[in-house]
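Pasting in a structure now, in structure tokens, and then I'll have a few things to ask.
Chains: A, B, C, D, E and F, in written order; residue numbering restarts at 1 for each.
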């Protein structure tokens, strides 16, 4: 993770939450008050975002955090994750933003772990997509990895993803792949989105590295995998909901990409409890 | 909405998605190519974020958008929402970010509408909380309103929310409310979080404007409402899942606040289809 | 105060003052030179901005500050406020910006204290307005509080202020207040600007929380206060110069808002003197 | 003026004034409403900041402004300065920020004109200092010029200003000037602050270009001017209040620098009136 | 190219060049003056940066540019490249920054073309490295492409480059490649830097995609290419000065990477001449 | 140097190099790994940018640097400049950006020293121009000084440079200088670009402080210097390549300005070697 980017995100988040300060805390709590508070899981899940949480309080200042759990640990409801100690005003003013980030990242890791567990015993890997929350992609891609998944493209600059519209504009898959190869002859993978077995066949005769089977039904995926026969990397994509993962993984695709790992996530319930003034 | 803030969000989102450009599109599509493409709903829901979608393409340039639906409209699966027309490279490069924003905002509006519909026939209003996605709060608060909900505090600077920890630090509710009133004697509402009927009783004898019944069971809420008897605004909060809304609304609370309207949302499935080169 | 915002302000200020460095200091003073210098009041006033002053030097680095006075203290001409000690280059390069901020904030606190002192023995409070120096509002609102005043709205997002033009656009006060209440049913105060006793009467029959008597003469204010009779909060506004404060406060309004507390202020004269090389 | 800088200032100002939007205007005024409103002077003064005012509304959008007065014009109480026409929401949301900037700049120009008028018939010029409002220096320096004054250094990078502390650190004026000349042998003026006739004498024997007579009384200034006898540029500085300007100018100094032109200014009273819905 | 990034670069450049405006132009040229000026090559080279040049003047405003040459064209000394027409102040204030960018980018394209021309008749491609000018990488990578070269990694996030220090930390190449593959199992190429034939041999037995022959002499490169025998992509790197390109290309490596294409470049001499006032 | 500006540059550079992190280092190196590495010169030159190098690692964190050489020192090939010690991931992730900055700055200092050495025994000084790398000017101006050169204008706001186009717009040199003097009567030098002896003559009769002889041949420069005869500062400019410096300096001009000191520079070869894990 690039912490310069992450600090920017945190500063924006703190600004939107307290542009003119935290009037309750500043009015009610003494400037010198010190406290300790527990960070507690309120449901089971995977912990992700520890260092981001730390940096929220580092930017606010005068807080120390002692973690009892490690990044990626399985949390059980009521587990104490950490003790947060320091200036009471700072603890309270940062609480919501630190939690919002930790809960979102842990929610993503938790959901990813659930998908990944369904691929056990197969060679299939679960990956996320570019359907991430705008401005928070770097955090979300990281959380997917903590959950045991892997990352597809970080951005449009990483590798080639030749979709239906690109193919349409180039005339055919062959021409599209050729142009890609000419433009960046190495270090950028070429992935082609295919929607039918005819397209699979067409793509096999190109320098494409990866074929993405888009919105195919189970039987089509099976046919496609047979046809490709290990000569290209195979990714299954499009509406890959949790009930399909096991079946698709058993077919033997290399990757399953799931947008909902990042765009439709339940925040993991974590909160600060038991504040004691020191 | 403050469009200067929103443009900043969009620029950040475009930057994280294509810092070094969109290599596929730039390599495969002619600079002068023009196209038209349909924006289509792939499930039912509420449209929110139209103007944000417009601004993504305004910042990218050379695109016109003709909307067939209005902000807040109920969308049906397969509805065409808009025609997007212009430079093909620009259409494709902006597609993911424009959709990510629209899908998230529409997802929030759709979820909110569902909660709101359960309060029909009562005086109860549904509101969101500060449990929003860091850096996107302004968009999410707006989407809740489009969905028929209302907004709780925008930020820590807006009004007083005196929580258990503040009360603990001040000694008692009375003292906490007094300090708040002295610090900002007007234009900032004072809301007190109460966790028991004893606390309700204690808060009734203060200048607090709103009592937030936190994590109370149905029978406690009923008792509290009776006790308060219209002398303070009443908000029910804490784990207000969809199955409880109707029952709580029927008790006669003024507001129910739900964190999940913003922190745990399914993006509404919307996509661009039928690209035609012009 | 939100120190992330304040650090941004300080960085902008240092940048505009030394984009290409401080050529005098860098050319004339040894890199390792150390010094101590006194911060001295050159006229009577109220100290405000201590922590902002500290942060200027924290951002520059290698300076320690020992304060002899506390925030909000009454300063007398020739009082020593603090000793500033550290790298000579850094002391000199930061001097002007640190002083400009401290002098402005102390000037505001001093002026506010003068206005506030005239309300002694009454229930009236002095508040500032949105007529603040663009980009420095957070500092100025804070300085008013240090001077004993309170703050009106921080921004257009805080609460409703229904002015003549809003009323005109809605047709009448009643309709305007109704729309406001529907849009944000709680947590945002509704204030209505009224310019005549007829408008006062009209506003009394609405859910408005505060009536702002705009540019009324003394006798009108008296009539209005009588008419309102404690059923709404009353604010007097419009050209509330220092010579009127006492008289208006004696009428029994709740608040007097004064734009000049922030838009027309004399900086308090404070300077650094007696630099001794160490 | 650098409009990229100025747009940044305006964006910051709009953000601090409406991070979550203008709730009154958005709730009460129709999205499509159009209006025209007059910009009116409420006291006499000099108009400065016209283009800055324009850019506020250009950034907000959908507004046209027709000016009846020109930058630098003398305004009389009740003069109509401009007609502002366009989207009603946008007119109202930008009103306060546009006015705050225009009033501040016009206030500076007005005060400067007053000081400058007292130097008529002499060769003396009035200049401002670095005692400007942090982050707004570029606007304030410009407003001083519109008022007929000139600008001292923009920043610490422009030219040398050798003050008492620099002299102390270098041992003597001669050594300080020598170091300055070696560091930047041309294109940067060398100004030396002198506090006594002895120092004037000492400075005369250096390559300093300008002598700044700091906090000298009238008779000392006279002696100094005689001693310098046209061999160096002469600037009078330090507590140059309006009552001294004429006398000091008559002595024949080249420049008088006045901090209060920027640090202690009364905003010129200008407002928007007579809104008519179209 | 990502124009949002590029506009940020241009704004920074304009700010550093005229924070307080262009005093010469603002003082000497009428606000309404209009002119036309020629953009002229003063030596032979390749044109790169046309659109960046355009955007400088688009941000400044009120200028139209008519190009006579196309991006990538070979320019001859004295060629007229474009006519720039519009507000005279704006033409002059933007001149230096627009030229600095265009000259740098064209210098890179020109140098690249020279290197590329030496590979004609071979399969070898010339690529740039991450040794770019800090903050301008996106412009420089693009200029290399215009010059006929290709791009190595954009950033550390793109693909794996396993260097000596990484190998040392992992124990051996095999282990390093294995860790890379586990971390990002697809869409990121794995390149290994090898410094000896032993290392080549070691790397051949891994899943590395590319071998980078670092600082090898001609005979070593020959041996390495023979050993690899087309089973991996081969890149020659390290001190690849222009006198070696032909010889190395003839050996049959796939890529030669040259840091000096971006870190040590002569700006192409281009200037604005023949200004005519309109 | 203004370190707030410099930190901004470094953050931008780190962002463009690792927006989504350094995947190689994060995947292959243990989070707790520590190392020491040598910073080594690979050719002779002048060291510049030490403090900038330090700040790169300060922003990344957990690194200490022990310098064996001082800023401005002459480096010999194979010299060890510093030991860099700390977290291995951080050392490797910052390596390229820290080196890119140091190499560029040292390259400029080295080239400048070469030019300066040719003026020995004359009064002539070498200065750089505004032909700097966009966004890095502050670093480049500083590096020129470390190399023994001096700086011309930092920006368009510093002093007057009246060029052919300005003269054309004003009618004649005399009028142009007059306008400049009126606009900023002091603290800004007035330099006039002259292209012929006629123009020299014309400029001599004005208040211009500096004459810049633009693109004159040796004999013209000689004539001009004779004509000016010490009454104005003389700068020779325009295509001042290294082979001309000695001859032009011997004529007795005060300054020679060379654009290539900043726009066409070879980076000094410096690298990190001998990493040892601790």
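FYI, a residue touches a chain if its C-beta (ideal position, glycine included) is under 8 Å from a C-beta of that chain, and two chains touch if they have at least 3 such contacts.
Because the structure is a prediction, the values reported are computed rather than measured.
Asker: Give the chains in contact with both chain C and chain E, ordered by label.
Answerer: A, B, D, F
Asker: Please name the chain that ends up farthest from chain A once chain centres are defined by their CA atoms averaged.
Answerer: Relative to chain A, the chain whose C-alpha centre sits farthest away is D.
Asker: On C-alpha atoms only, rotate chain A onto chain D and read off the angle in steps of 5 degrees.
Answerer: So the angle, rounded to a multiple of 5, is 180 degrees.
Asker: Taking shared residue numbers divided by all residue numbers at the interface, is the value for chain C and chain F over half (same) or under half (different)?
Answerer: The interface of chain C with chain F is built from mostly unshared positions.
Asker: I'd like to verify one number: the distance from the centre of chain B to the centre of chain E, where each centre is the average of its C-alpha atoms, in whole angstrom.
Answerer: 44
Asker: Touching two or more other chains, which residues of chain A qualify?
Answerer: 16, 18-21, 26, 138, 154-155, 157-159, 183-184, 188
Asker: If each chain is a node and each touching pair an edge, is that a line, ring, star, complete or other?
Answerer: Drawn as a graph, the chains make a fully connected set, so complete.
Asker: Applying the document's contact rule, which stretches of chain B touch chain F when the two form their complex?
Answerer: Its residues touching chain F are 16, 19.
Asker: Using the touch rule from the top, collect the residues of chain F that touch chain A in their complex.
Answerer: Spelled out, the residues of chain F in touch with chain A are 11, 14-15, 18-21, 26, 59, 61.
Asker: Report the residues of chain F in contact with chain D in the complex, numbered from low to high.
Answerer: 125, 145, 150-154, 157-159, 184-189, 191, 210, 233, 254-255
Asker: Where on chain E is chain B touching in the complex?
Answerer: 1-5, 138, 141, 154-155
Asker: Quick check on the complex: what are the chain F residues that touch chain E?
Answerer: That would be residues 9-10, 12-13, 16-30, 33, 35, 37, 88, 92-93, 96-97, 100-101, 103-104, 107, 130-138, 155-166, 168-170, 176, 179-180, 182-184, 188, 259-260, 263-267, 275, 277 of chain F.
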